[in-house]
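Below you'll find the structures, each written out as structure tokens.
Okay, so chain A shows up in both of these, paired with chain B first and chain C after.
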Partner chain A sequence: GVLERSREQLLRQTCEAVLLGVLHPRTAISLVLQVLSDAGSLLSCCLNAACMALLDAGLPLAALFCGVTCALQPDGTILLDPTARQEQEARAILTFAIASRERKVLMATTKGSCSVEEMQQCLAAAQSAASTIFQFYRDSVHRRYSKC
Partner chain B sequence: LSICFRTVEPLEYYRRFLKENCRPDGRELGEFRTTTVNIGKCLCSITTADGSALVKLGNTTVICGVKAELAAPAVDSANKGYIVPNVELPSLCAERFRSGPPGEEAQAASQFIADVIENSQMIVKEDLCIANGKLAWVLYCDIICLDYDGNLLDASVFALLAALKNVQLPLVTINEETGLSEVNLKQKNPLIIRKHPVATSFAIFDDTLLIVDPTAEEEDLATGTVTIVTDEEGRLCSVHKPGGSPLTGAKLQDCITRAITRHKEVKKLIDKVIKSITPK
Partner chain C sequence: APQGRLLCGPGLRRSRAGLLVTKCGLLRHRPGGGGAYWVDSQQKRYVPVKGDHVIGIVTAKAGDVFRLDVGGSEPASLSYLAFEGATKRNRPNVQVGDLIYGQFVVANKDMEPEMVCIDSSGKSSGMGIIGQDGFLFKVSLGLIRKLLAPKCEIIQELSQLYPFEMVLGMNGRIWVKAKTVQQTLIIVNILEACEYMTAEQRKQALAKLSGN
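Up next is the complex of A and B:
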């Protein structure tokens, strides 16, 4: 449906921004994501899966990216990586794709409305949380290659 | 000679203008194209729709028609009506669109408009309910692009807002004895629009420069796009950055500031047009 099409556009353009496609002319790189279970923060999970798959494929990337979802609760507190229940109760959900270089914003999408200050706070929280995810990438790749 | 250069090296051609802080059509980097809007049955030619509006942003022309129909509400939300937006990019608006099932751009735009309506709460679905669990309004909002010259999302959101402001819903009562609905076409009430969201789109060039209201040519040369939707209280209804060049938080903040200024200009324009068509 239209929701899947919209998510595909977000993922495709995020991947295209980091992939050095110039090094692979006349090539189609196809990324297939199958949702096994959805317990909240689905889009950022897809982003992380996409980045790790591109890493595993050995494709040349200009930067790594990770997905972070922030939920703004009715009382104003910011919750990172919300569950499905927390997402339903939140008054706004913001998903960012943060690049590994200088923690710049590659992709942003919001659900619900928030003030400008709240968005900046969520962005700052997402940028600091990105470091944890990039460390996870490092550990996973290290684990994979230390076995062989 | 400049036409040959423009065809052969479009990006270099553009960079020369951007260095002087302007664009080939004479606009500055933060300047919008001339915006015109026609609302209602007299000016905008859809006589069969309950509300309609035609918006022109430079050459980009978008028409929105709103049809109201009756339906039974869903079981889990018995007091809510429905709003169904649909964006169409027919093959007549640009060469790149072929006839057939809607392409990715049209579907993504439809989802974007649905999100804007939901996020901004411009129409509260409870307002569309007539009888709890029995009858509710369905608003079919069809947004059709007649001429695509970039910045589809801004024009679509504007056309939708203008068309919804123009919608007059007839009074519907349910007859107690027969249980059937009676539509009174003589008594019409306007829709309650709670918020007025306005979209502002930017194109990112060479990872650093941000230009407002890109044309189709600029969109093709750009390395990314950002669309910010704000409402009249300065709240963010949507930050839509589908991939593209990475931006710092500060650059995003600049976009938001420009979007808030744009909101005021658009709101003034809509109010002026509505006032001019309302019979005294």
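Up next is the complex of A and C:
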């Protein structure tokens, strides 16, 4: 449907921003994501899975990226990585794709409405949360390479 | 590399801002010559590199050129004159489906990769058509590099088990031939499992097999 298509486009644009496509001209790189279970924050889950898949495949990347979802509740508090229930009750849901270099924003998408200050606050929260995710990437890769 | 010049190997890329790391893995350093740094990464997909020895499968014969599948994004081409002792009258006997062990003379991102089965002096030095029978299978590139290291323990332990012939291609393909089909399959299973087994588990498995 249209929602899946828009998710595909967002993922594609994020991946194209970090992949070094110059090293593979005239080549198609296809990424297949299969949703096994959806407990909320699906887009950021897809972003994280896509980054780990690209890492695992050995494709040349200029930076790593991760996805963080922020839910703005009706009383103004920010919830990171909301569940499906919290997403439904929220006033606005913002998803950011954050790069590992200087925590730059690669992609931002919003559902619902929020003010500019609230968006900046969500972005700051997402950038600090991204460090935890990148540490998780590092630990997973470390575990994999410590076996050989 | 000449003295004073540092070599950037696979996984590292020079950019305006300095060095860019493009793959995840262990950073290795070789102090010889001017010094070299590279990233030792594990991947399954092969990208053709000039000078690599690979095993290719002949998929088509197009006039004077064979098309080989080497596991990359494009098929490689191999001229019929690129065999030892081949002339226009004396053509090599290559059929579709044959296995060929050769090296790349041209392998970059802009052109179709080209292979030859002779080295720079015209001798075959082990390259050419791989014989009948045997078993071809695919492993990860990291395991191939481990097996190609000098005095590899895995190969020494396996050779004490059964005598066998083996060809290792840098594109992740291994061809094995032992005396009987069963011995060949046992060796194949051990090599495939070597990726995930530690040294003790491997020694235990081999001890059990040689006890049988």
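Here, the second predicted complex is superposed on the first by the 148 of 148 C-alpha atoms of A that agree within 3 Å, B and C clash if a C-alpha of one lies under 4 Å from a C-alpha of the other, contacts with A are read in each partner's own complex, and residues count from 1 in each chain.
One rule holds for everything that comes next: contacts are C-beta pairs under 8 Å (C-beta built on N, C-alpha and C of every residue); 3 or more make two chains touch, one makes a residue touch a chain.
What you see is a predicted model, and the numbers here were worked out from it, not measured in a lab.
Chemist: Fit or clash for chain B plus chain C once both are placed on chain A?
Modeler: After superposition on chain A, chain B vs chain C: fit, no clash.
Chemist: Touching A:61, do we find chain B (first), chain C (second), both, or neither?
Modeler: A:61: touches chain C, not chain B.
Chemist: Contacts for A:147 in the overlay, against chain B (first) and chain C (second): which applies, first, second, both or neither?
Modeler: In the superposed model, A:147 contacts chain C only, not chain B.
Chemist: Does the superposition put A:27 against chain B (first), chain C (second), both, or neither?
Modeler: Only chain C; A:27 stays clear of chain B.
Chemist: Who touches more of chain A, chain B or chain C?
Modeler: Touched residues of chain A are more numerous for B.
Chemist: Specify the angle subtended at the CA centre of chain A by the CA centres of chain B and chain C, expressed in degrees to the nearest 10.
Modeler: Placing chain A at the corner, the angle measures out to 120 degrees.
Chemist: Scan A:9 for contacts with chain B and chain C and give back first, second, both or neither.
Modeler: first
Chemist: Applying the touch criterion given at the start, work out whether A:124 contacts chain B, chain C, both or neither, answering first, second, both or neither.
Modeler: first
Chemist: Regarding the shared-chain residue A:105, is it in contact with chain B (first), chain C (second), both, or neither?
Modeler: In the superposed model, A:105 contacts chain B only, not chain C.
Chemist: Regarding the shared-chain residue A:36, is it in contact with chain B (first), chain C (second), both, or neither?
Modeler: Touch partners of A:36: none, neither chain B nor chain C.
Chemist: In the superposed model, how near does chain B get to chain C, counting Cα atoms only, in Å?
Modeler: Superposition on chain A places chain B and chain C at a least C-alpha distance of 14 Å.
Chemist: Which stretch or stretches of chain A touch chain B in the complex?
Modeler: Those residues of chain A that touch chain B are 2-3, 5-6, 8-17, 63, 94, 97, 99, 101-102, 104-116, 119-120, 123-124, 127.
Chemist: Using the touch definition from the top, list the residues of chain C that touch chain A in their complex.
Modeler: By the definition above, chain C touches chain A via 13, 20, 22-26, 41-45, 73, 109-110, 142, 146, 196, 198.
Chemist: Help me check something: in the complex, which residues belonging to chain A touch chain C?
Modeler: Against chain C, the touching part of chain A is residues 20, 22-25, 27, 55-58, 60-62, 141, 144-145, 147-148.
Chemist: Which of the residues in chain B come into contact with chain A in the complex?
Modeler: It is residues 104-105, 107-108, 110-112, 114-115, 118-121, 223-224, 226, 231, 234-249, 252-253, 256 of chain B that touch chain A.
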